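Here the chain labels run A, B and C in written order, and each chain numbers its own residues starting at 1.
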């Protein structure tokens, strides 16, 4: 694989906040950039189990929620810096992953999807009625920073680089996983579970590893969301839309690929923001007609995700080059 | 290079943003509503109310007596400058609310902000305004903690959950003294932030007022409410207070009739009972229900009556309490900007702090508008209105009443 | 007596759940396809009923049929313009396309009809029947019994008619069916039409007693997912049974434990059952 696209991507991502600086729209564009990265983190994390292992979870909101709730919970009850809650969120997510993974990984295909929906919904309802967790009203972070440790900034730029670092780490981890036995086994499981088992792949164990890795990073995405937004309630932390958003972001770019989720996020988040900014103020609902319409069109004409289109274009160019070479 | 940067940023901005209006001599106000999603009906009604408010401030309306800024065109202390409201949809999402607030402040350079309906979005959006030092006037979000975070830039005009609870308890106590049998009160609230905060406040206040209270909490958007109604049938409370959204409340009224359960009085906490679809759907079986509202149409010729006529002409429906509270908040903000004589946020903040509006200057039935140190309007209050025939009429407190209270309620009988 | 009232109400609502879930299970089982827009079909059925009542008038027979017909056509249209192509892609494309479709349909309704709640005029059907102390409304009785009848009808259509066996043949083995001279495209389009039509009728039946707005679909989609999984993918009798059970459990748990627990109980039992019997109540292992 050629290295230059990777370097170009990294350079573009690093330079983005500087590129848009200096205009009136700087703060907003930087903020949108941070939201793109956040969506990319969530979708990439989901991608490990949903894309690489082919286990379509529709309940990843439970990990996102755990990551979002714990930092604000430790602040709400004990005035601790929300950062303290981040590792707790990851730990809670790993526990949930094991707890969910063992029983549900016996289920195949749609049954797994439905079981994850049900568990996430169960969690959303329970949290929504539990006063300690803020019930329906939700939890808040510190309103203004008491110190650097509260990770509250007026500008979105610090968030942008924090998110970028986490995303880089996640993509690196995914890349390493792809090269390792875990990645190889997951590929076999995705291709056909029964065949994988007959080849001696410990299917359930490796599915669980993938889920735990995925859950940990999804929880980080939730924590980053909570740190930036300073608020979480059952709908924004545990709602079914949170899970679906991760899926469509990954699927739109290309599930089971390293950069598909980032591509999906880079299209969906600005699309959502632009439609809302352009069309939202009139209140006609056109925002979602356009947004939904674009998703339908992509699914209709490029069901494998946009990265596939990119690869096809590259392949076509290579073929043309070869033809020219031969001639 | 810097040229490239500017062009790149401008191109991106053009893609993501609506083109900023360049008209001179306007005061920009950013307004955030839920225009899509589950709360869209309320958001759209509020949008229409604020648009009407914009018209009233910007054009001369001498017929609206008493209302500041109505008689003149534009803001007199700013040389007649017009107000331009930039409307934004926050979709009921706390993160979108934050993002759009940021855009309104940094890109549109609004002088002040108005919002927001959802308490969750109010919490995140006001935090952005606080960091940038731009005044944020909250029209209708009721969660207590919005003004309890030591914020200097958040002002809230509306009464909040505890005010409603106080009003209900006071009303029921008066009824009891007047010889009506009011010993047990049932509170049925839905379990999102609105229902929970209002429901719990009512339960607390009613208990403190010496009533026996039965609280029933249910999921919003129910497809079936007969279990709750059957519980009422068993426990037979004297009064039932409903705190919930439109679909649930309509379903409750129908189910109450179907299962033949009628308490002496039903009090609806605004929201569902004030929705424009409530009366057409169940008006004839809900005769005599009380609704909480600080809005009353008033006698023909009065400012409120004329405002209602204008709103009806614009939308085809009557103004309701929620939208009225938005419009009132908009007027309070415009009044402050006018007195500040400037679009400088700090001066507007000062003017908001000095706000002291009397009841005659208001379109809503508050006892006035005056903010305390937290930014809460200490003179906010509410009426009770009763469904008599095809419309709600103000019946309590007595000095505000335009019709006589009917007790017990007739319902469908 | 109150307990009997709760049970009767729960079963009648469950019958309606059963009807729209039977539609979902049909394409789920036949084509292994999850439709996230199924709740929107129910919602559109409600609006179709409203338009019919306003423009044409007539009773539940008229607007129920109109809703079914409109949704049938919509289902077929969606199959040929979208689903057929999406099915060539991976399973995730299903979620992508139908989620996008759900947004599109919901907000198209939002645009056309406004976000406000509406109800059918009460003159359409009303009244209460007293069955020895159990009070049931006429809309409830009509909705429940028509839904149960149509669900049964769909089952008979699948098992007792030539069209039904062709449908099932395509579900069993597309290629083999093709060799037998069955055109799978037509059969799958028919399945989408039937699926949407059943959601449409269910919507029309519910519209008699529920206020609705473009956003109501979401609630029904989740219920349908649970019912279909519980019944076993592709099993129409399973979905019928599971619909009744879910309606009953919701009613009973709302009455016994309080209304906020009714979904907790449903989801909790659902997860437990999946663990014990992953193939669903009447599904094949």
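Going forward, a residue touches a chain if its C-beta (ideal position, glycine included) is under 8 Å from a C-beta of that chain, and two chains touch if they have at least 3 such contacts.
From a predicted model like this one, the values you see are computed outputs, not experimental measurements.
Chain pair with the larger contact count among A-B and B-C is A-B, by C-beta pairs in contact. Chain centres here are means of the Cα atoms, and by that rule the chain farthest away from chain A is B. Distance between chain centres (mean CA atoms), chain A to chain C: 31 Å.
Rounded to whole angstrom units, the spacing between the C-alpha centres of chain B and chain C is 37.
Those residues of chain C in touch with two or more other chains are numbered 107, 110, 115, 260, 263.
Of all residues in chain A, those touching 2 or more other chains are 125, 129, 285, 287-288, listed in ascending order. Among all residues of chain B, those that touch two or more other chains are 36, 40, 44, 191, 217, 219. The residues of chain B lying in touch with chain A in their complex are 2, 5-6, 8-10, 12-13, 15-18, 20, 33, 35-36, 40, 43-44, 47, 86-89, 91, 93-96, 98-100, 102-103, 105-107, 109, 119-120, 123-124, 127, 130-132, 143, 145, 149-151, 191-193, 195-197, 217, 219.
Residue ranges of chain A in contact with chain C, taken from their complex: 50, 56, 58, 103-104, 106-111, 113-115, 117-119, 121-122, 125-126, 129, 240, 244, 247-248, 250-252, 255, 284-289, 291-296, 298-301, 303-305. The residues of chain C lying in touch with chain B in their complex are 2, 5-6, 9-10, 13, 107, 110, 114-119, 128, 135, 137, 140, 206, 209-213, 215-216, 219, 223, 250-251, 254-255, 258-260, 262-263.
Residue ranges on chain A touching chain B, taken from their complex, read 18-29, 31-32, 35, 125, 128-129, 135-138, 140, 143-144, 154, 156, 225, 229-231, 233, 235-236, 270, 273-274, 276-278, 280-283, 285, 287-288. The touching residues of chain B, counted against chain C in their complex, run 36-38, 40-41, 44, 191, 216-219, 221-228, 230-231, 233-234, 246-247, 250-251, 254, 258-260, 275-277, 280-281.
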